[in-house]
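Dumping the structure here so I can ask a few things about it.
Chain nomenclature is as follows: A, B and C, assigned in order of appearance, with residue numbering initiated at 1 for each chain independently.
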Amino acid sequence: MWDQLADLYATYQSTIAFIGINSLLALSVYTTLSCGQLALGNAGFSAIGAYAAALLTMQAHWPFPLAILAAVAVPAVVAVPLGLPVLRIRGIFLAIATIGFGEVVRLGLVNWDYVNGAQGIVAIPQKTELWMIYLAVAAALFVLARLRGSKWGFALEAIREDEPAARTMGIATTRYKLAMLVLGAALAGLAGGFEAHFTFMVAPNGFGFGRVVDMLVYAVVGGSQIYWGPVVGAAFLTLLPEILREVAPLVGIEPGPLRLLVNGLVLLAVILFLPNGMVSLPRRIAEWRAARVAARSAA
Amino acid sequence: MGQQVVNGLFLGSIYALFALGYTLVFGVLDILNLAHAAVFMLASFVALTLVGRFHLHILLAMPLAVLFAGFLGLLLERVAFRPLRARADSNISGLISSLAMATVFEAVALEVWGPNISRFPFGTVPETQLDLLGAVVSRLQLTIVAVAVLLFLVLTWLVKATRLGREVRAVAESPRAARILGVDVNRAIAAAFFISSALGGAAGVLFGLAFNSISPDMGRSVELKGLAVIILGGMGSMPGAVLAGFALGLTEVFVTAYLGASWRDAVSFTGLFLILVLRPRGLFGAAALREA
Amino acid sequence: MSPLLALDRVERAFGGVRAVDGAGFAVAPGQVHGLIGPNGAGKTTVINLISGLLAPTAGSIQLGDRPIHGLPPWQVAALGVARTFQNIRLFPDLSARDNVLVGQHLRRTPSLAARMLMLPSARTEEREARERAEALLTRVGLSERVHEHARHLSYGEQRRVEIARALASAPRLLLLDEPTAGMNPVEVQAVAQLIRRVAAEGQSVLLVEHNVRLVMDVCDTITVLCFGKVIAEGAPRTVAEDPAVIAAYLGNPK
């Protein structure tokens, strides 16, 4: 029994780690979504965190905990001058500007010879332990849970629902949006630092547009109305390929396309039928049942 | 130098064509259709199959592929955008649903054509080279620039001078007012999607011919460059998209020539980012900065 | 007594149209000041200018001895100005009570550390804030509807939640933009009483209203606006008999 569990753990260790890392990334997108802003620069922030941590452990020989702190702090500091001008623009334009930022970071790294350009940094010491990742996820969830229902949590909800009206209530909306951008950058950087010291290597192309799309998809599929929704989404969508790998031979589609197809269909189904994400599924089912009962008693 | 200008114009015309469709949908709906690049890619594959498998002449295969792309646009509108139109956050949820459709399209391409680079059979287009003011130009390149300019003129005429165009513009101005004026809003939006995707498809086929390299992820880099182009041109502005498309094409060619290929995209995206921060209306466009 | 709010030659143009064209008036502390005028007179624009959602193109707006024109809305609010909206702008997915809690934003000074560490002091502060919110909702007659989502409330109830949300910041100046539009006579009467009580407690009220009866009943002073200009000012009775007002406003009924 214990041996089997140990086997299972050995097989899926990397999946378990990535559920946690992806949860951090999904939460990093959630923070700005929680005040109604679609900011998609988090692949860039994650890259900054990953590179900062890897360079500090490898070149400066910093102890890992300090390097991880830097992975949190450096992107957070970068987010401030980025956020001040960028948060004045809204909606789709904010999304595009932040995508632009992410690409600038990625292409900057590609052209930076000191970090081996497109090849990236290799042979990074493996220092990330599973408990560290999950401790970080738990801490992030705790902070977000404590924000909810507080003065600041209400301010964020007010900004999401009607920003100009929130401003007339004395809420300094730009500061809140900036704070959430910085928090998101810190979480993305933390995930990057962990990832670099888990997979032995970082390369710029791991932090492209596709990566930030993944983060957004985790948050939306899980549910972006509540802080734990993104974690549900990240866990589900990180496990999905493992399941599909088993299923693929049965349906006669290659695992690669099948994974993309299912990802796309799940995302489409959620956005069309469950706008508040998978976490709203139980309530939707209850509503649907109630409607059926009502229809039957009416008939 | 002259050669560089010619290459830049040629690359720019493909960007312009791609961005033209991108910006049309944005102008009408305020929605970013992130599946545009997937349509671009699928149309290219369809043209390839028509030429390679069914031995059609490219002059016949291309219009068919473009038509196919137009129908993909109708499908997109029906599945990914129309159901969300009433939602308050339709421009964000629309972005996500178009992303979902893009993923599905890419999965289909991956399953049908495989992950590797496919190529048109040799001799699909004549390989004639011309000499133009000291620069070497292939007939294909000239044709591509001509097709792009022609399609831009046709689109301008369509939007400015036809009834359908007037209806589309009315919907862009205000869907509610358009409905009161008797415009069939759903039909106008569907038409905009058809035209937009057909243009994207045309860009895809030309791109495939020009670089003779077609793969399921070929749309990705064009997608982000298309964003840069429509921002540069002013979101929703068609002449802006065309000018910006040529500007990007020329910039890329010159950056590659003088700084090296690896700086090409960095320059484009730094430009995109700076424009959004400093001059969100775009360099050429007068399109109003819309709020979410 | 020096006025709480003073507008001096305030101007706001939209393109070529001057929605507010050199308007000036003053609101005294503890007074209910009516702002009336035919449709398109610029009343809502004046409210938007005072609350900072718009900046005037010329002129000055003073709150006490501080100029507030050009300040962002949240700073104006921090100086003690709260408002309601003509086209109700509650946060639809928050409950009535949570809407009022948002309104208390400026009054509450909890400690983030205390909240994160779940200290008793944080819990006490939150309980008090909730109790204040519920008391305000009781004051506007909604004690039964505290937990209802704003989107599920009736039109008149939503207007009353907005008033409670505005009062939640304990403002020196309350701007009410057509607070009784769409209300039944009983609700209108209740709002009239509420406005008088608010003024009696020392808060000033600037009231934009189409209901002439209500304005005549509750206002101490009335300013009449027409095409962005002040055409009359004074006690309700004087204004009602002013020939210019009768020509512009009463002679041009809504």
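A few notes on this one:
Keep in mind that, in the parts below, a residue touches a chain if its C-beta (ideal position, glycine included) is under 8 Å from a C-beta of that chain, and two chains touch if they have at least 3 such contacts.
Keep in mind that this is a model prediction, so the values were computed, not measured.
Contact analysis places A-B first among chain pairs (by count of C-beta pairs in contact).
Seen from the Cα centre of chain B, the chain whose own Cα centre is farthest off is C.
Chain A has the C-alpha centroid lying closest to the overall centroid of all protein C-alpha atoms shown. Centroid to centroid, with C-alpha atoms defining each point, chain A and chain B lie 29 Å apart.
Work out the mean CA point of chain B and of chain C, and you get 49 Å between them. For the pair chain A and chain C, the distance between C-alpha centroids works out to 41 Å.
The set of chain C residues touching two or more other chains is empty.
By the touch criterion given at the top, residues 143, 146, 149-152, 154-155, 157-158, 161-162, 164-173 of chain A touch chain C in their complex. Listed in rising order, the residues of chain A touching chain B in the complex are 36, 38, 85-86, 89-97, 99-101, 103-104, 107-108, 110-111, 117-118, 209-210, 213, 216-217, 220, 253-254, 256-261, 263-265, 267-268, 271-272, 275. Touching chain A in their complex are the following residues of chain B: 30-32, 79-80, 83-84, 87, 91-93, 95-97, 99-104, 106-108, 110-111, 115, 220, 223-224, 227-228, 231, 235, 262-263, 265-266, 269-270, 272-273, 276-277, 280, 289-292. On the chain C side of its complex with chain A, the touching residues are 51-53, 72-74, 76-78, 82-83, 85, 89, 91-94, 98, 101-106, 108, 110, 112, 115-116, 118, 126, 129, 165, 169.
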